[in-house]
Amino acid sequence: MEKQTVIELRNITKRFGASVIANNNVSMDVKRGEILSVLGENGCGKTTLMNMLAGIYYPDEGKIIINGEEASIRSPKDAFRYNIGMIHQHFKLVDVFTAAENIVLGTGEGEKYDLKSAKTRILAMSEKYGFHIDLDKKVHEMSVSEKQTVEIIKVLYRGADVLILDEPTAVLTPQEITRLFDVLRAMREDGKSVLIITHKLNEVMEISDRVAVLRKGEHIATVNTADTTEKELADMMVGQKVTLNIDRPLPVDPELRLSVESLTLIGTEGKPVLDGISFGAYGGEILGIAGIAGSGQRELLESIAGLHHLESGTVTYFNPKKDKPITFYHKSYERVMELAHEGMLRYADGRDFTGKDEYGKSLSKKTVKALVNAGEIFFKEDEVINLREKTPLQIRELGVRFSFVPEDRLGMGLVGNMDITDNMMLRSYRRGKSVFVDRKAPEELANEIIASLQVVTPDTHTPVRRLSGGNVQKVLVGREIAAGPKVLMAAYPVRGLDINSSYTIYNLLTEQKKSGVAVVFVGEDLDVLLALCDRIMVIAGGKVMGTVDARTAKKEEIGLMMTGAAPAES
Amino acid sequence: MSVFLISAISIATVLLFGCVGEIITEKAGHLNLGIPGIMCMGTAGGCLGVSLYMGALSSPENASWILLVLISILFSVVFAAALGAVYALLTVTLRCNQNITGLAITIFGGGATNFIMSFVDRTHFDPAGKLISTPLPFADSLGVFGQVVLGHGVFVYLAIAIAIACAIVLNKTRVGLHLRAVGESPATADAAGINVTAYKYVAILSGSAIAGLGGFYYIMDYIKGSWENASTIEGFGWLAIALVIFVLWKPNFGILGAFLFGACYIVAFVISGITSTQKEIIKMLPYVITIVVLVITSARKNRENQPPASLGLPYFREDR
Amino acid sequence: MEKQPSGMENVTSYAQEKDKKEPLFRLIKRDVLPKRKIVLIYAIAIVASLLLSSVICSLFSSKNPVAFFVALFDGALGSSRRIWLLLQDTALLLGVAVALVPAFKMKFWNLGGNGQILVGALAAISCMFYLGGKMPDALLIPLMVVASILAGAVWGVLPAIFKALFGTNESLFTLMLNYIAAGLVSMFITIWVKSGSGVLVPIEHGNFPELFGSKYLLTVLVFFALAALMYVYLKYTKHGYEIAVVGDSPNTAKYIGIDVKRVIIRTMIISGALAGVVGLFLAGNIHHTVSTATANNMGFTAIMATWLAAFNPLVMMGTCFFIIFISRGMVEVRGSFNFTNDSIANIVIGLVYFCVIACSFFITYKVVFRKSGARVAKRNRTKGEER
């Protein structure tokens, strides 16, 4: 039984700027009464392609043919005229409105406003497709799954025959996913076409009739789900392994630097974002973290950096201090005394330093300071520092040499309106007792970074938001490295960067590794992860799926683990 | 007592006009601190209308109540809305800072009102004021109740009617739903195909028009056309902005809230037997209560009683 | 930054799409304009608004527009007394602007300048009223200074505490505090003035001494010095740096370990205290009494001055001077043009504000007309290539 074709995409190309081609010559079709999965890795252009059907973007080249006629979709309103509706990942709902109010918003021009009859219609629709919804509930009281239901009904209420769902299962529990799939099947029986943007292979196999696979902006193939396997799809999705020319020396004497034990974080929605994560980061190696976007990578790094209140778990930092003198450079007097009482310190000749003299009397602050400044006091063992529930400032005051390149560069790592010098100061401005800030050292640092990383900028007084993406990132990474870290965490440090800037960043990270720093690298491109890192930890849905050796691991293996399919043994 | 109630209702009317006007504006996401100036402009416009109409008559006795009321409303609304249009142009189209623009509107509005009033012929204001404040016909026959409830000029009932109408429009109609969506989340409204700019303009202009009537009512009805300067009306304008918070952006609550604020305001002038110091304390109460309400609503984080989410923020579609 | 390229592309794609369809013009957010151009745009706006005002004023009187400018300058600079008054008023307004600027730099909308001035003045007058004559002025004046600063600080920190704890809307909170402060003034006057006239006669004690024989000089020196200090505070101190980070990007502040709540509270203590100092001078050095009108709406006018100066205390010296110049000049215009009340000054100032506020639009946005849409898209694309 041949199904009727509803939408045809013909040779669609969409560029962002001159260098980024989001979609290249894509042709595919959508049939009536089918569930079509659009499968691909992050950044393969699947959302962009669908946004062109929804009226968010307009293709640069190519045609969209709907029911046999060429269509021009310039706005979401146009899309609805062609009976196409899209449910975006970020819901567009008014929080203080009820479900019903959100659903009817912007519809029914010229008709009488009658919420009651609208509700009756909505309820009838809900019954038909098997939705469970309380129409009088306010959106801000709803769970994510309920909000998604409202979005779906909103699209149906506007008469959509083609529904596009962008990563609909990313935020749902398994039970909610089952319910969603039931609804989608009911819609298919009703003759609607459902497109699901996804990268989860198991779901593709479970729900869809056909799968369209995209890779790096190109349409690889569309296959019938019944005729394929997860393995085959994964191969199509990730493609052949690309060899990248990144220098990767073997780790030298890796030492445990950072240990995370069963870390759990509850998100704003009340669901665990991180669920019992445990791992260790070693000095002299790069630990890659792979996962689908939104699997908890960002939250994991932020939790370690002290930006979140943890539900449970520990974060421990091992300071390589054994037999090294303690200094006031990174430690306060109070911390020195604390370590002394814990029995962590000794004199040069091996006697314990407890902060007391041989008669058990406490030494004066002045004496202790003199001893420390003279380099007479040493660590007996490596210092073990518990970071749980510490603020970023406390972590720094404890002498923990953490550097963190956050995902949101201008919103968190840097201040966009400030110049490069002032951004250098973010880390160091507290130094010294003076009430005034010292701009001399940061200025020098800024010039140094501009010179060594070839930052393209008129001068050090240009606000960073006026620099291009690559240069912004160089400024941020440069500053974090200049802080002389023992642990360097970087979240998507090459996202949006051109090839040259990306390589600059890879080389910087490798250099740090060579100098004994524990580097934690969160990335999205598997080829890069496989070429740059020593070990790769794969997380999915806030859980560790497994850790693999980057030198021997297969790309497909990691791809499968990322989808939460099969934890590998390691 | 009845004098007190009557006066409280009168002041409440001034505040209610201002409050409902500001609520409509804020529901569109615009904090209009120009409301005090706009209320002044409404006064100037209305007074100009009265003066033109009375001056065109051969004798003030020939004045028709209905014509006088309609002409003064028309003038008042047009003048207030004109100044509201300046605010809308600056904040909606030119996306200027709402606080700064509002303060400038208030400075300008107060000045322009004093200026216009210095040219307005006020010779017939006394009879016009008496005519405009004519109570409902059967008020006197109903004793104290009639005096208190029915003994007011038409503007008092107009204010209540507008407040109720606004409450109905906001909560029971499609226009109200769309307006609230614009104030809560302009991006969502835009995506749903609602013309955000048009809604903002209409809300600001109609809000300004309504607020302007409050100033005019005060001068022409309550103090029967005697004019000193705009500062009293400006004071009512700021109190009206406080009232918006107190009634949690609900026009129907505004009726009760305005009466409470009016009572606090007027008690100092009417009640005997308390010291002038105590009167001043009572006059401060509305502001103290408003702060308490503001703090409690923000501390409880109850989503229903918060200011519209996009209040004060300009909307630029390409800023996603 | 990674969002920017795609954001820009949105713009171009919109441009291309909409070429064929609707609008006659669309808006694009600009990069930063060179300073010269910004100054030029503002200068044009100010001149235009003054020309407009001169025409309006001459329309309503028998004089010509030139006479408007003559009177304006005469009113502001016509005699040495006028010049001194101009300087004193500038200094006072500058004082309020200096008080507000750290709050605004932190994106804390302090609309409560009027109230903070009033409580400062009230505190000083309370000292003068209760303690005047009972102790030498040399002791009384320091007490007044402390009292005013404390009162202003309390008035400033109240909204800050609630903002820090619950996120309470500070513009509405501070606005209400203005009226409570005015209410307190009225209340104390009813206590102090038994006659019930509601007017407190100037108090002789605790008046500030003249400096070099001038009763204006002290005020001028103090507030100009405070402005210079505030410039240094914001630009060169650690506190100032923290204020800028919190104002620009609260998330970054959190990331580097700045205690945002503490910064908000600390800054508002300073802001309120400085406004209290203006109240102190109004009470102790200028009026020697207090009324609800003592603040003379400077709390609002100063917002304009700070905003026009882009939150730079040195530039504020200029914007405050300009605003006071117009309002003092307008006193003379009013007289020589035979206007019966002072409203014309507010109209002119309002017009100037409108023009200047409207200009901020042209500094932030660029208007692209339909025909040039494709060209802009092309230009953006070549820009992308350069990168």
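To keep things simple, chains are lettered A, B and C as they appear, and every chain counts its residues starting from 1.
Please note the rule applied: a residue touches a chain if its C-beta (ideal position, glycine included) is under 8 Å from a C-beta of that chain, and two chains touch if they have at least 3 such contacts.
Quantities reported herein were computed from a predicted structural model and do not represent experimental measurements.
The greatest centre-to-centre distance from chain A, using averaged C-alpha positions, is reached by B.
The interface with the largest number of contacting C-beta pairs joins chains B-C. Measuring from the average of all protein CA coordinates, the nearest chain centre is that of C. Inter-chain centre distance (chain A to chain C, centres taken as mean C-alpha positions): 43 Å.
For this pair, chain B with chain C, the centres built from the Cα atoms lie 27 Å apart. Here the CA centre of chain A is 50 Å from the CA centre of chain B.
The set of chain A residues touching two or more other chains is empty. For chain B in complex with chain A, the residues that touch the partner chain are 172-174, 177-178, 180-181, 184-185, 187-189, 191-194, 303-304, 306, 309. By the touch criterion stated above, chain B contacts chain C in their complex at residues 31, 33, 86, 90, 94-97, 99-101, 103-115, 118-119, 229-230, 238-239, 241-242, 245, 275-277, 279-281, 283-284, 287-288, 290-291, 294-295, 298-299, 301, 307, 312, 316, 318-320.
Across the interface of their complex, chain B is touched by residues 76-77, 80, 92-97, 101, 104-108, 113, 138, 140 of chain A. By the touch rule above, chain C contacts chain B in their complex via residues 7, 10-11, 14, 27-29, 60, 109, 111, 162, 165-169, 171-173, 175-180, 183-184, 186-187, 190-191, 196, 297, 300-301, 303-304, 307, 339-347, 349-351, 353-354, 357-358, 360-361, 364-365.
Within the complex formed with chain C, the chain A residues making contact are 16-20, 57-58, 74, 305-307, 391-396, 404, 406, 408-418, 422, 425-427, 429-430, 434-437, 463, 465-470, 472-473, 495-498.
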